[in-house]
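Each remark here refers to the structure printed beneath this line.
Letters are used for the chains, namely A, B, C, D and E, taken in the order the chains are written, and counting of residues starts over at 1 for each.
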Amino acid sequence: MVFAGLGFELAAGGAMVLRGPNGSGKTTLLRLMAGLARPVAGRLLWSNAPVEDPEALARRLRFIGHQDAIKTAFTVRENLAFWAAFWGTGEPALIDRAMDTFGLAALADFPARLLSAGQRHRLALARLIASPVPLWLLDEPANALDDRSTGALTNTIAEHRARGGMVVLASHGADLVTGGTTLALDNFTPTAAQQWVEL
Amino acid sequence: MSAFSALLSRDLRLALRQSADSLTVIAFFAIATVLFPFGVGPEAEVLSRIAAGVVWVAALLAALLSLDRVFVVDFEDGTLDQLILNGQSTVLVVLAKVLAHWLTTGVPLIIMSPVLAVTLQLPSEGYGVLVLALLLGTPTVSLIGALGAALVLGARRGGVLLSLLVLPLYIPVLIFGTAAIEATITGMPSQPMLSILAGLALIAAALCPFATAAALRQAAE
Amino acid sequence: MAFDSFAAFIDMGGYAAWVWTSYGLAALALGGILILTRRTLKAREREFETLKANRRGTP
Amino acid sequence: MHKFANPTQFMRIANAIYPWIAGLCLILFAAAIPIALVFSPPDYQQGETVRIMYIHVSSAWLMMMIYGIIAANSAMFLIWRHPMANLAARASAPMGATFCALALVTGMLWGQPMWGTFWVWDARLTSTLILFFLYIGYIALSDAFEDSERGDKAAAILALVGSINVPIIHYSVEWWNTLHQPSIMKASSEGIDSSVHPSLLLPLFLMMGAFTMFYFALLVLRLRSELLAAKIRNARLSQIAGHAAAQPAE
Amino acid sequence: MTRKRRRLYFVLLGLLALSGGLALVLTAFEDNIVLFFSPTEVAAKPVCAQRCRIGGLVANGSVVKEGERVSFDVTDTVETVSVKYVGILPDLFREGQGVVAEGKMTEGVFVANNVLAKHDENYMPPEVADALKKSGRWKEGEPVPAAVVH
């Protein structure tokens, strides 16, 4: 499923919420912005210049999707440390701060296979702090989170924006951002994958 | 390079923690090889003639067993998306994965092979060249195998399909790997066969990572 | 004309089994893929027509 | 975009030339079969079995040409996302597999009386067998995914990687001294040079032409068929999308 | 490193590996991969004590048939090996023709358990072959000069 006739901008410190029914393309749009999928037509701009270097774009964004990308054989700390090393960002202090923020400090040396669904999701979100980047792309980030964690996420997003960071998130639940723009995807006509349907 | 070394060390540590996976592959290698004396009879003459081929075929099948785990786990838990978003190049990810697979599967197979060759009565001249041929051939096995594993990500009956895609491409390695050992046993120079194996490894190293990276990005899309 | 008689033609210089099997298999393969292609084409044409008709029926 | 990228326009051209290709194919077969079976002389060594060559070499030629076409189309599809290129590759694969199987089987039927064996594990036969497996793998891979586009792309990557086998098949008889005779046609500065007598070369060329035209004629039919399948799939998809859009937002 | 430069490095590295690999494979083929031994090699070295293949031309006038028992000489014009075989010979088997035999050396004689005939890439009607042979422009087993065929 794709969409036609869609355009938007995001400034430093800005936030955008994608809303729409199932199948309206929220996830697809986030993956397009991350550079994981290629648009059939259309362009992605960064600082008013077309993105010609998806790798450089990837260095500036963090995508947290439905799948948590956690290795259950590793401890919570090892999971965070691996991604920080892999992306070449972050330092040990940030890893501790990330675990503190999302209430994982007590679990730091527990193997991830013992975590509950909510704890796993918090571990995935903790990567936002452990390896900081300007643009966050979050797909339904409040799913499986309790009220306390949702509050922590709201605060984290607010702090990130206060430092000039940007957030795009898909959501159909609680309000995680104040201000920011809302993009309702159900206004756009879904079209079939190929343009050459002739009926 | 940080992405490369981080991923390599992660895969090695994972393999160490889940060492049962690697051990299963080695156990399969041993059992498959040991079946042959029962199948063709214990006569030393017959066994020593087929020893080189049997060890190679069993090694290829054992490697095949390990292949579907190369990318599938990362694909299913969402790690693959994050690996592609590494900010450098997907080829680096592929190279780290292939090297990790070779170290955790290829090297144990090489170490086990002389032991199994003894049970097959391989003539004593053959051991050195057996190890050398496996050393030159198994990197190709990992490179081609990783490509196959990336192509079948998310496919129905992925495991069967993987063997259909990968085994035919292993035929050259098998031919020259066995031929090198046969040549040495029959008193011929094995050097041309070994340099072909090395050549195949280089060609695979030049072509497979790019194709694998493309296949991985397709799978994530 | 390379053969003196019809029997010689059938015999193919003693190689009848090999030559005729080859030609037979070739005919079978080419004919088979032709028939399969035409059959799926016809089936899809029919399916497409019904889809079109349904679409017109429910605007 | 290129005008051949437009399926409607492409099919208009293809349908226009289809009767000509099909007609030419029939004429060539009508000429090739009697000449190959009756009017051409036997070979001085191989006797009447040389008549197998007309089928064998034609099939082998097509299996190579079709693989080349699949590889070229796969590249076009992956680089420029040419939808027609993908359909052409998909439509060609079963034909390539058929001709490859035919080349292998007729080769065996020729080898048994002449060489004394159905099969030897030499480079030419082995690499042809690998080509057959590549065809089978291509077809299986392109049908193995719920998302057909994913299957198309995975198969296209496989086709490109497998194309390394085509030169190996071609040169195998020269690099490797084996039972299989060297190529009967060699390109030289004076054009194509052949070690086949004209009376035997004529049926061979006619048969190769007939087979080639058969492939192209069938390709048009199969393209038509593939395009219809894509249209049917898209029509279904847009129906589902229509239903989804009609539902109230969450 | 920019994307373009990184790509360039990867492609250069790939080309280097590819050409190195091709060079290794092709020089190995230059070294003549042995699929069968020539009579000269059999005479020079104690090969073929176990199963192997020998190849060469069937020496003229050497074929002796006693029912299914056949003996003949395989030659590469320098050395000659005697071959014994029991079984049905392929139709292309004849004197002066290329042949490959599988078996092993026992007491100076090659005992074959399979004989395969190899033939050349020349195709022509029997009358043409006879005419060429009569005129002395061509002998069986040699490549035919293209100008003669056409």
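Some points to look at:
The criterion applied here is as follows: a residue touches a chain if its C-beta (ideal position, glycine included) is under 8 Å from a C-beta of that chain, and two chains touch if they have at least 3 such contacts.
Here the structure is a predicted model, which is why all the values come from computation and not from measurement.
A centroid comparison over C-alpha atoms places A as the chain most distant from subunit E.
When you average the Cα atoms of each chain and compare centres, the chain farthest from subunit C turns out to be A. Distance between chain centres (mean CA atoms), subunit A to subunit B: 37 Å. With each centre defined as the average position of its C-alpha atoms, the distance from subunit A to subunit C rounds to 56 Å. Chain centres here are Cα averages; for subunit D and subunit E they lie 30 Å apart. A straight line joining the Cα centres of subunit C and subunit D is 16 Å long.
The residues of subunit E that reach two or more other chains are 6, 29, 33, listed in rising order. In subunit A, the residues that reach two or more other chains under the touch definition are 55-56, 199. Across the assembly, subunit B contributes 88-89, 203, 207, 221 as residues in contact with two or more other chains.
By the touch criterion given at the top, residues 29, 33, 35-36, 55, 88-93, 97, 100, 114-130, 140, 143-144, 146, 149-150 of subunit E touch subunit D in their complex.
Every residue of subunit D that touches subunit E in the complex is listed here, in rising order: 41-47, 49-50, 53, 113-117, 120, 122, 175-179, 181-184, 193-200.
By the touch criterion stated above, subunit A contacts subunit E in their complex at residues 52-53, 55-56.
Those residues of subunit E that touch subunit A in the shared complex are 2-3, 6. Residues of subunit D that touch subunit C in their complex: 37-42, 47-49, 51-52, 55-56, 59, 94-95, 98-99, 101-102, 105-106, 109-110, 112-113, 214, 218, 221-222, 224-225, 228-229, 231-232, 235-236.
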